[in-house]
Amino acid sequence: MSQTSTMAGASRVAATNAVQEARGPRPKPFFTPRKIIIYSLLVVFSMYYLFPLYVMFTTSLKSMPEIRFGNIFALPVAPNFDAWVKAWTSACTGLNCQGLAPGFWNSVKITIPSTIISIFIAAVNGYALINWRFKGSEIFFAILIFGSFIPYQVFLYPMVIIARELGIFGTLQAVIIVHTIFGMPILTLLFRNYFASLPQELFKAARVDGAGFWRIFFEIMLPMSLPIFVVALILQVTGIWNDFLFGVVFAGTQNYPMTVQLNNIVNSAQGTPEYNVNMAATVLTGLVPLAVYFVSGKWFVRGVAAGAVKG
Amino acid sequence: VDLEVTHWWTSAGEAAAVSEFAKVFEEQTGNTWVDSALAGSGTGANPVIISRIIGGDPMGATQMNTGRDAEELIKAGLMRDLTDVVADMNIDSFYVDESLLTPCRYEGGLYCLPVNIHSWDWLWLSTKAYTKIGQPVPKDWNEYVASWPALEEAGILPFGLATGWPFSGIPGVLMSGIGGSDLVLAINRDKDVEAVRGPQFRKVAEALDSLRKVISPETMVPSFGDVGNQLLEGTAAGNIHGDWLQGDLQVAGGVPGKDYECLPALGLGDKLTGGGDSFYFPKLPEGTDPAVLQAQADLARILISPEAQLKFNLVKGSMPIRTDIDLAAANPCMQKALGMLKNGLLPSGDFSLSSDTQQQFQDLNTEFLDDDSITVDDYIERYASILESDE
Amino acid sequence: MLKRILFNNLPAKIAALPMMVTVLVVFVGCTIWTIYYSFTNSKLLPTGKFVGFDQYERLFATSRWNVSVTNLIAYGAMSLVFTLVVGFILAVLIDQKIRFESAFRTIMLYPFALSFIVTGLVWQWIMNPTLGLQTTLRNLGWTNFSFDWIANPRMVLFALLIAGLWHGTGFCMVLMLAGLRGVDEEIWKAARIDGIPTWRTYVSIVLPMMRGVLVTALVIIGSGIVRLYDLVVALTNGGPGISSEVPAKYVFNYMFSGGNIGQGLAGATMMLLTVVIIMVPWAYLEFGGKGRRT
Amino acid sequence: MQNSVSIRDLSLNFGSVKVLEHLDLEIAQGEFIVLLGPSGCGKSTLLNCIAGLLDISDGQIFIGGRNVTWLEPKDRGIGMVFQSYALYPQMTVERNLSFGLRVAGMKKDEVEKRVARAAEILQIQPLLERKPANLSGGQRQRVAIGRALVRDVDVFLFDEPLSNLDAKLRSDLRVEIKRLHHRLKNTMIYVTHDQIEALTLADRIAVMKNGVIQQLADPHTIYNRPVNLYVAGFIGSPQMNMFTGTLSDSTFTTEDGIVIPVETYAFDTPATGSTAAVLGVRPEHIVLGDETAGMPFTIDVEIEIVEPMGSDTLAWTKIGGQAITFRCDSDVVIATGHKVRIGFDPARGSIFSAETTNRL
Amino acid sequence: MQNSVSIRDLSLNFGSVKVLEHLDLEIAQGEFIVLLGPSGCGKSTLLNCIAGLLDISDGQIFIGGRNVTWLEPKDRGIGMVFQSYALYPQMTVERNLSFGLRVAGMKKDEVEKRVARAAEILQIQPLLERKPANLSGGQRQRVAIGRALVRDVDVFLFDEPLSNLDAKLRSDLRVEIKRLHHRLKNTMIYVTHDQIEALTLADRIAVMKNGVIQQLADPHTIYNRPVNLYVAGFIGSPQMNMFTGTLSDSTFTTEDGIVIPVETYAFDTPATGSTAAVLGVRPEHIVLGDETAGMPFTIDVEIEIVEPMGSDTLAWTKIGGQAITFRCDSDVVIATGHKVRIGFDPARGSIFSAETTNRL
């Protein structure tokens, strides 16, 4: 209240003086109410977003008694990485006390091929939908988008049967195919919108030059789609990494991803949970997608701007 | 050879118990026990196990919810018939109660083996809490209920409860403790709707009603292990929970009789409702190495062998399925239970009710606990109609 | 000529084969499968007989289902509104030529990288009345402080909302920011000359111009809401009581642990129907309207 | 002699929208044809049909005597230059030029030879290693032309190749394209909506409207003897002045009753009786002051607006109620409000039937 | 009389990039000033400074005698029209016009009166209920002007308002803007890079380059007496022909040794000794054939390229090694390869010092 009145006073003074003497840039006070509001809002929101991360980290560094009797705001009294070590190397699921480590490598094994293949197929779809339209292609696309609204559970059962009939149930292929299928709607939408925003004339020029479907795709379109690739990459890496359902159902025992291990550690149905280990495991599992975002967040924003806006 | 075994025994104590099985299996047969544990019990693990069996990627053996669910898998020819495997063991002779095996039988075949007996029917009481209010520790449910006002006055939680599934067993415990064996048999075995509408069941419903009045979501803790701590600290006075709570109490340093009391069947009845964890052995695909099939058979026999039973149940804190095992090492609570076991077992719901019905009962109980606008009468009526629709 | 029609564009058709197969087999085939079996009394395996609308009758007589639907509508409406509003406000704040823009942006976006399971766990931990924020603040002296939404049937949806918004608003913000940055600079200049206050320009001029972004955001948020499952399971598991149940959870429970596929699929079909009812007008506007625009 | 490109009865629909209908066009070897028309009239569509980038609905297309109706673009013997240049942004200029050749699997030294020749013709040798992003607008345009050049084809198609450039560059490149045509002597089909480009470049201009060719003739004829009102109005900037009125015998009477003698006019169709007609006179054919001496029609008017354009001056005035423009030398001093005498010879104008809009 | 807009010692930097430096400009009440220059020279920047949309680095701006340097755009008494129209797309035309007034809290009937007046002036009454998407380019432009009009301001700022339109519409709207200026008599500041617009509209043109005003004068002076080589080359299309060579006494000798007598030229700076210089002659001042009689300089040349433009014809040829263009009437028959005699009077040309590039 007093803030605003002094501001108003200041500008009145400025206004009277301004008549003859105004010269150069408009004077800008360091604190304007506008700036104060903007930054305080930003800080409040940031606290909301950061608080859980803080809780995760600090809790994972505390000992169990400290967790039970202390408060969740407090910094750890004697921070140690025991819980992390335990979560990574020795937390047990049934008889396996190998921690998250094997799951980590399984997740890598699932994520890399799934990401590559799903992005590739979606990119080809988007390209075909925009540049090589054929009768009915738009209808397929509409159904695809519509399909993205259907809860996964609806498909789970028949998909298991399909996978069984194909003889790939419980293999890496199965989980890769499933990720490709369920990543298809949103990725295809992204690529389609992006390719639609590229000049059609480039495509025509390449056709006159005699290049065919794949040649144009690989030599002309792909090199131009870096921004949208980054978006797709980030979405897929994080999505597939975070996936639990498909991994546990389709991947087969040998390939259980890290999230399954996390679930096992955290949801061990009985007994007193070790919250510090849980939190450490949680942070460890989230580390890869977090790293992806922290490293390439800027690209993500740019890519979204390039692709998604023309929805 | 490798034999994959799936189960949802993921906590520390359970895992230790499983490893006893594994050890015996590996020592005796020279095979490898490939352990696939899945957390989340019925809701988390069951779908995965079922989908793997349906999906044609079956494991060598698996823990599974007993009951009518498995029946369909059996019907579909996906489970191995164990009749021949255990033919020479004369299993009927040593199983504690033949009712345990009933759900495993289907059209003359034997498809699963219960490996332990668990009972929900325990009321756990905190010595410390009753010391605080200067009353003796109750001897049965009725005394316990009578002590609630004093507890509340002293700021002690009469009934500690964890969020989620721990509540699901309580109505059944009340039914057998308060309703008595006949009611349980009438409902769980005979599906007698009239019994539900009868006076005995009403008493059960009223007990549940009074219980919900002292439970508030606000005071719930995240896991039942935390309730154990509450009991030991004396911040909560009592809790109904399965026998596995004991393991946690012991780990936390509680001594039965001193720090806590246990009342089987709420101190009222003389029989426990029992259920067991069972193992199934899915049919392996055509062309599987005969050695694996042999390992499967070996495992089936080992699971119910006296040696494995003794080691497993001591660690797990559950009761063995065999009558011919000496459990002198068991603690006082367990001894009480073993005593009651001689009277036979009452069938728990999952023996004869479909899991669909069980799911509906659970939904109903959850809703009743939470929503005070559902009266006892409503409860009875809905309970009856669910039972009626069970096929 | 026929040959020409068939082989015209052949590589494109081959390349689009995975998509066509997916659409036909998975999205169409499995949907038909689902609808078909929702009319049977299948239990654990899809083997039941045809029973007409029995499963649906039971579905609508089940209070858990009805509560689930009500919850989804309430949560969905709030989530949609708040995600869009908060996303827009954040985007506007970020758009003010602030310092440390990319730091703020990253802070808002990173929750999107975490799974719902993790989101649920952390917030459950924070909001748990006996362990989290409430106890902590009480121990610090605010004995009357109360934050028990997660345990309070009337507030639990808001608890879900807090976690849901934490996870999703960052992404919405990025979309909106892209939209804001796409608005012609001259519009801003024109508004300044007209003397229109900044907030008014955002609300009355810029926001209505971001139709494309809004549609994209709506599709993404909407599909997330209909699918809402993991978060509920991890945060409240439907509780207290059944006060935070959602349809997807009902479907999943009955299909897999309840051993009543018919019932589960009936629920799934109802969800599908809802989506159709919502999507068809949108699809009509989006695709059908194109003819008129050009 | 065989025609280079011949289009017979071409039709094209987008769904139910008919863009081109029964269109015929014969283009001789080495001819420079410009397709001129307003936006949306179907120029690009026609060009894309010739290139094979659009599937036609009906008709046939022959290039160099071959029926190419169903051939792929690359097999039609055409090269194409696009409005937005459409250079492949991630490739160097050299790679841009050679892409098509490499796709066709041509030998490496032959590719090099062709690229070198095109680079020499277009004088872009120093740019070969650059990426398109590092080129100026004019340079990009040249590379785009080069891409057609290396393909060594008989027919060049241009789709508004200059419209993204500024005026100065546009007029420079116009001359370059003309020089290129003089040198290569290929057939060129050039789409534009800029009439100056059309007039300066074309051997023949096809003026299009709504997918129909209105007039196909050399620039001089198009400009001076437009076949209908549409062509007359579309060509010429500032626009031709149009008087509506009645034509009877050898006089034209405007709506305001002003009589203009038209004996000197050479009618295509002998005039009979009295018909509603439109008389069009180009601004530069209206003369001022002393020059009006001897003109069949003169009148005194008041100047409304003067637009000095450097080299000449445009003046706006009224004859009767009809606003007209005329052009005069920039040395002539006139200003708003001046009263002047102007006049013209109808022989240099055009007369159209008001009913059919065709030239009389 | 007090100046309407006066800019004193204005500087503007973007970070370390100096876009405008110590710029002064005085604009009289009711004057139509055009800022003309190539892309990136700082025209829009200057306009935005006047409007208050950019914070200046130094200097002062006065509008209507008030120092507005620190005032908000809305308080400066200006209206502005943008290149992209910048209409609010989801509002009707009527709302577009009235939005600013309403936000300012003006009474409803006053708002209506102003909108009605603007709509009447611009003849957009029938469009008031439409959305911008349903307007043609020219109509949108008019609405954009209307938005400035309703604000009832003294100074109108235009930032390339016509550059998104096609040529025909552009020339029509040009005349409309001129009419509007005649009618309203406000001060107008108009940014463009199109010299025809500048020449036809302006009372005075400010030719800019790299943020510096090169010449500020009326169109006739700018065209005929450019102060330096830059202005001479920038104005005029086709471009002025430039001969480089040496000036000594009253003759100009080109690099190729061709001697051009320049006695008739009126020097600004008396020529002394022999200096490197550039002689510029506009294409329309070069005459052909018989007209060369009496010209101080004549020469025989061969025509290289002919560009018929309808109303006139451009011809390209060479004098010595120097390519030159000249314009002749479209009736004159010339073609590539013709040998013709051409000539010009240096009095109508311009001579610049090669060193300072300034007019001599």
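Each chain carries a letter (A, B, C, D and E) given by its place in the written order, and its residues are counted from 1.
Everything that follows uses one rule, which is that a contact is a pair of C-beta atoms (placed from the backbone, for glycine too) under 8 Å apart; a residue touches a chain by one contact, two chains touch by 3 or more.
Keep in mind that what you see is a predicted model, and the values were worked out from it rather than measured.
Relative to chain D, the most remote chain by averaged C-alpha coordinates is B. By the count of C-beta pairs in contact, the leading chain pair is A-C. Centre to centre, using the average C-alpha position, chain B and chain D are separated by 90 Å.
Averaged C-alpha coordinates put the centre of chain A at 15 Å from the centre of chain C. Chain C and chain D have Cα centroids lying 55 Å from one another.
Residues of chain A found to touch two or more other chains are 156-157, 263, 266.
Counting only residues that touch two or more partner chains, chain E has none. Across the assembly, chain B contributes 47, 51, 54, 222, 226 as residues in contact with two or more other chains. Those residues of chain B that touch chain C in the shared complex are 42-43, 46-47, 50-51, 54, 65, 68-69, 71-73, 75-76, 163-164, 216-222, 226, 354-356, 358-360, 363, 366-367, 369-371, 389. Within the complex, the chain C residues that touch chain A are 8-9, 11-13, 15-16, 18-20, 22-23, 25-31, 33-34, 46, 89-90, 93, 96, 98, 102, 104-119, 121-123, 125-126, 131-133, 135-136, 139-140, 166, 170, 174-175, 177-179, 181-182, 212-213, 215-216, 219-220, 222-223, 226-227, 229-230, 247-248, 251-252, 255, 261, 264-265, 268, 271-272, 275-276, 279, 283, 287. Contacts from chain A toward chain B in the complex involve residues 68, 92-96, 156-157, 160-161, 163-164, 167, 169-170, 248-249, 252-253, 260, 263-273. By the touch rule above, chain D contacts chain E in their complex via residues 38-39, 166-168, 171, 174-175, 178-179, 182, 193-196, 199-200, 219-220, 223, 235-239, 282-284, 305, 307-312, 314, 316, 327, 330, 336.
Against chain C, in their complex, chain E makes its touches with residues 48, 51-53, 72-75, 78-80, 82-84, 86-91, 99-100, 103-104, 147, 151.
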